[in-house]
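Some structures are shown below for you to check.
Two complexes come next, and they have one chain in common, chain A, joined by chain B in the first and chain C in the second.
What follows is the complex of A and B.
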């Protein structure tokens, strides 16, 4: 029983991590209509930026995480502004650009930090116990921070004029533009916000798991799985799907072993595509 | 339109000529490095053609390594079971991958194109895991070693020279199949690429044609998998990483996505470049990434498109006086 609860807690903390990661991904798709192949790359940049801030600049961990988020957000902003923005209404081109960016990012990280996993661990050890149920302090802190940031993203998107503008842009770009909103102003900000979230996730999560320049593919695959499950472009769907994926992964890892959970999730995704092609929370979205 | 058909036909013939020209290589040199490079180019061409077919319908496929794994492992198992005839192995590798592509395509290609991109990406990731999870069938992380060489009648195709000929055979079959497919369904593919909504409203059941394309593309990738397994003499999961799917996409886009020749040129140049600069192998992915960004932003039709554009400008007089009519694909 205690084992079941502990696994559920692990699943929940995986869920919030995935939620934060896939929120950024689905935000970019929802607003710009672009599949961001560099998302896993920005996750890794976040991890390495925090690592560098701690190990080379001697920053305390929270400051390093904040720095990592800023760096990735700024990089995302610049990439959108200089490269993607001109091609945003095209279909394949932005995808190819982000794919190219991803290749460049992975290569740059291997060249700068080497192909071996970096020695980056969470500064706080130990775990909180109650009877047989426990959670490591690291996971607890990550869980709380992620949950707070998710709440903040929700407030930003649904309680501010900026969020309203972004959602208007996502709903109908033509009408929003006709009403005076300027895509050139909002797209880089949205992209930067999303990559910042990916970077933040990377900075928080990689010290509890592992930091290597080859993480990108699996992170990207996981984001894809979650957004299909939740419905492309749906923020709420991404969060719910993240928790489903987190819980399934935690239980299958503990009770089935290996990667059977991922296989099961892929089958679930295929079934979802037959039964509810727009995902759990998806709407009839933008044509792609 | 006829004018355009003629130029396409020319580039297609050129593609086949280039591939056949590789047959000279084993007669010129026995150098292991050169022969291996030739093989890798030919396999890359075959894999890139699989990407090319889907791009003709504006679909980006990341599933090439997955189908290569299916075809490669199926051929390896068949050969181990004793059926080493080359024709049988080619048929098995094509059919096994095509059979898996059919239900997956029928499922995903009814949906918007973006789902295809995401699902093919996940499919390749998952298939890697599946190989590791089924050691009884696929040998897991050990792979399937010591595969018997293919045979053609009494001839055992086990020397480095003959392996090159097998790879050429695979690449040429793939090219001819791709030519046939894009000829037969050229109009449908083009209408889907240009305006799918319009095509559908005029009665074209788009997902039928997309699925046909996907099944053939899967089969071609399966044959590429066989050629790779035949080169390495072992079927191993590391031959089919999801990262390699990105490379095949890069070959096609950098070479030029409009023509088969683009896939051939892109594969030749980039595989060659990777090997020549292999002392800096860790940079090659970043180099491809940079090229990819430059090509899609500066020359969307790739190197072949660029060459056609330049040649077209050099001799506008010699072109037929017939006015260029915008193609009505639908």
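What follows is the complex of A and C.
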């Protein structure tokens, strides 16, 4: 029984981390129509920015995480403004640009910080235990922060004029523009918000696991899997898919092992996509 | 007058002396120029092949630095004797990206640059890709893969630059069992050739020593090992061996195992990655009990001497990764074989010379050629390895393990 509960906690922790990560990815696709191949790169930048803030600037960890989020958000904003914005209507070019951006980011991180994992640990160690059930303090904090930020993103998107404008832009860019909303103003902000979320996840999660300049591929792969499962561009779908993936991953890997567990996850995703080809909450086609 | 004559004689003598000096200097300069020209004409090209980017980059970069160090030392001594000429050693490195196709492509690129002597590749997928291509191109390779087929009779130009698991696993396992009284172990590695080839040999060594053994594999690219850690905790083994997991994976696993409350022994019988594990654990005290393989006895005074020499020659600190040493030893052996064979272009002749050379390295000491039992070909360059121990939160250092009597 203890094992079942501990596995559920692991699944929830994975789910909430994946949700925060994939929200940014799906936001960019939903609003700009751009598949951001540099998403894993911004996750790594978040991790390294927090690492640099702690180790070189001597910042306390919470301030370092906030700084990392701001840095990645700002970088995302500038990248969209300078590199992506003029090609945003052409789906292929931004894809190539973000792919190139990812290669630049990962190579630059190797040059600056070296190929070996950085010595970056969560400031709090230890676990909360009850019998055989446990959750590390680090995971608990990450879980709470991620859940809070997901709620904040929900409020931003569904309870503010800014969110309304972004959703209108995602729904029908031409009509939204005709109503006076300016893509040139909102797109960099949306991109910055998404990369900021990736950076925040990187800053929070990498100290609990590892921080190296080679994490981007697996992060991008997982984000892709989740947003396809949830339905490209759907925020709610991404969150639900994140928890499904987290829970399935945890139980299958604990009870079937690393290899068969990974296979089980992909089989479950495949079955869901066969039943719902557009994902859990995806729309048929994307108008913008 | 006499004084004048004396003065003229002195002037003339000085002039003659001056001319003599100029002529001598000119001869020396000409000789040096001719020697330099000859050394420039005559060049021994060494290839350094390994992952220079990606997750395994630390290994490839260390290998390259090892080869560059040997080349720089040889050039500082006036070059390498090839027949009646002294030749300058140059190093060209290629990123084989820890993949079979990357290594095959690197071997072909080196062939187009007329490089017949390659130190590397590093990983098992790379060795698989490079071996047949290099054999066809007539290139010697000196890989450091732990694959079960890292070398073999079908590719006689492929050499192995270090002792494989079959050589060191039985000795390290026996020492660990004696020190920690291990009765059960879980061996963890990625579920590809790079992981399974080492983990399965380690597992065999544990089982042969009467230790109950379980193998756990995970998908390469996994970043969160919490599910695997829970699985291991359910097994409650005396020891967890991270085998050939990449350094970052091994470190994350150890960190998460400690957080989960694991209180047993950690082992690492695979590629370098000890420092990452100690750092991730929070230090030697937190790690408590740990045994690991070092490719070389890192605390030996000759190894320390190499680090100093590296700094002097390369004007930089030696990398932490121990592939530096084995790559340097392999490069040194290849240069000796070039001198013995009198050619740097005829790889089969250099390979033949290598067979006849006694493996002796100024830093690694006396080695042996092995491999017949494990690979069917006696082309494995084996020097003593190191056994590192942390017991009850105290580092006992790294002791040399002689493999001369291993299979």
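Note that the second predicted complex is superposed on the first by the 284 of 288 C-alpha atoms of A that agree within 3 Å, B and C clash if a C-alpha of one lies under 4 Å from a C-alpha of the other, contacts with A are read in each partner's own complex, and residues count from 1 in each chain.
Everything that follows uses one rule, which is that a contact is a pair of C-beta atoms (placed from the backbone, for glycine too) under 8 Å apart; a residue touches a chain by one contact, two chains touch by 3 or more.
Bear in mind that the values here come from a model prediction, so they are computed numbers and not experimental data.
Overlap between chain B and chain C is detected when the two structures are superposed via chain A.
Once the two complexes are overlaid on the shared chain, A:3 sits against chain C while remaining clear of chain B. Of the two partner chains, chain B and chain C are each touched by A:115. Look at A:13: by the touch rule set out above, it reaches chain C but stays clear of chain B. In the overlay built on the shared chain, the residue A:198 is in contact with neither chain B nor chain C.
Contacts of A:209 after superposition on the shared chain: chain C is touched, whereas chain B is not. In the superposed pair of complexes, A:141 makes contact with neither chain B nor chain C. After overlaying the two complexes on the shared chain, residue contacts for A:73 are found with neither chain B nor chain C. In the superposition on chain A, A:217 makes contact with both chain B and chain C. Using the contact criterion defined above for the overlaid structures, shared-chain residue A:107 touches chain B and also reaches chain C. Mapped onto the common chain A, chain C and chain B collide along 127-135, the only clashing stretch among 1-9, 73-81, 127-135 or 379-387.
Taken together, the two complexes place residues 107, 110, 115, 217-218, 221, 258-259, 262 of chain A in contact with chain B and also with chain C. Of all residues in chain C, only 53-55, 57-58, 61, 191, 216-219, 221-228, 230-231, 234, 247-249, 251-252, 255-256, 259-261, 276, 279-280, 282, 320 touch chain A in the complex they form.
Those residues of chain A that touch chain B in the shared complex are 29, 35, 83, 86-87, 91-93, 95-97, 99-104, 106-108, 110-111, 115, 217-218, 220-221, 224-225, 227-228, 232, 258-260, 262-263, 266, 269-270, 273-274, 277, 285, 287-288. Put simply, chain B touches chain A in their complex at residues 58, 60, 107-108, 110-115, 117-119, 121-123, 125-126, 129-130, 132-133, 197, 242-243, 246, 249-250, 253, 282-293, 296-297, 300.
Interface of chain A with chain C (complex): residues 3, 6-7, 10, 13-14, 17, 107, 110, 115-117, 119, 121, 125-127, 129, 134, 136, 138-139, 209-210, 212, 214-215, 217-219, 221, 249-250, 252-255, 257-259, 261-262.
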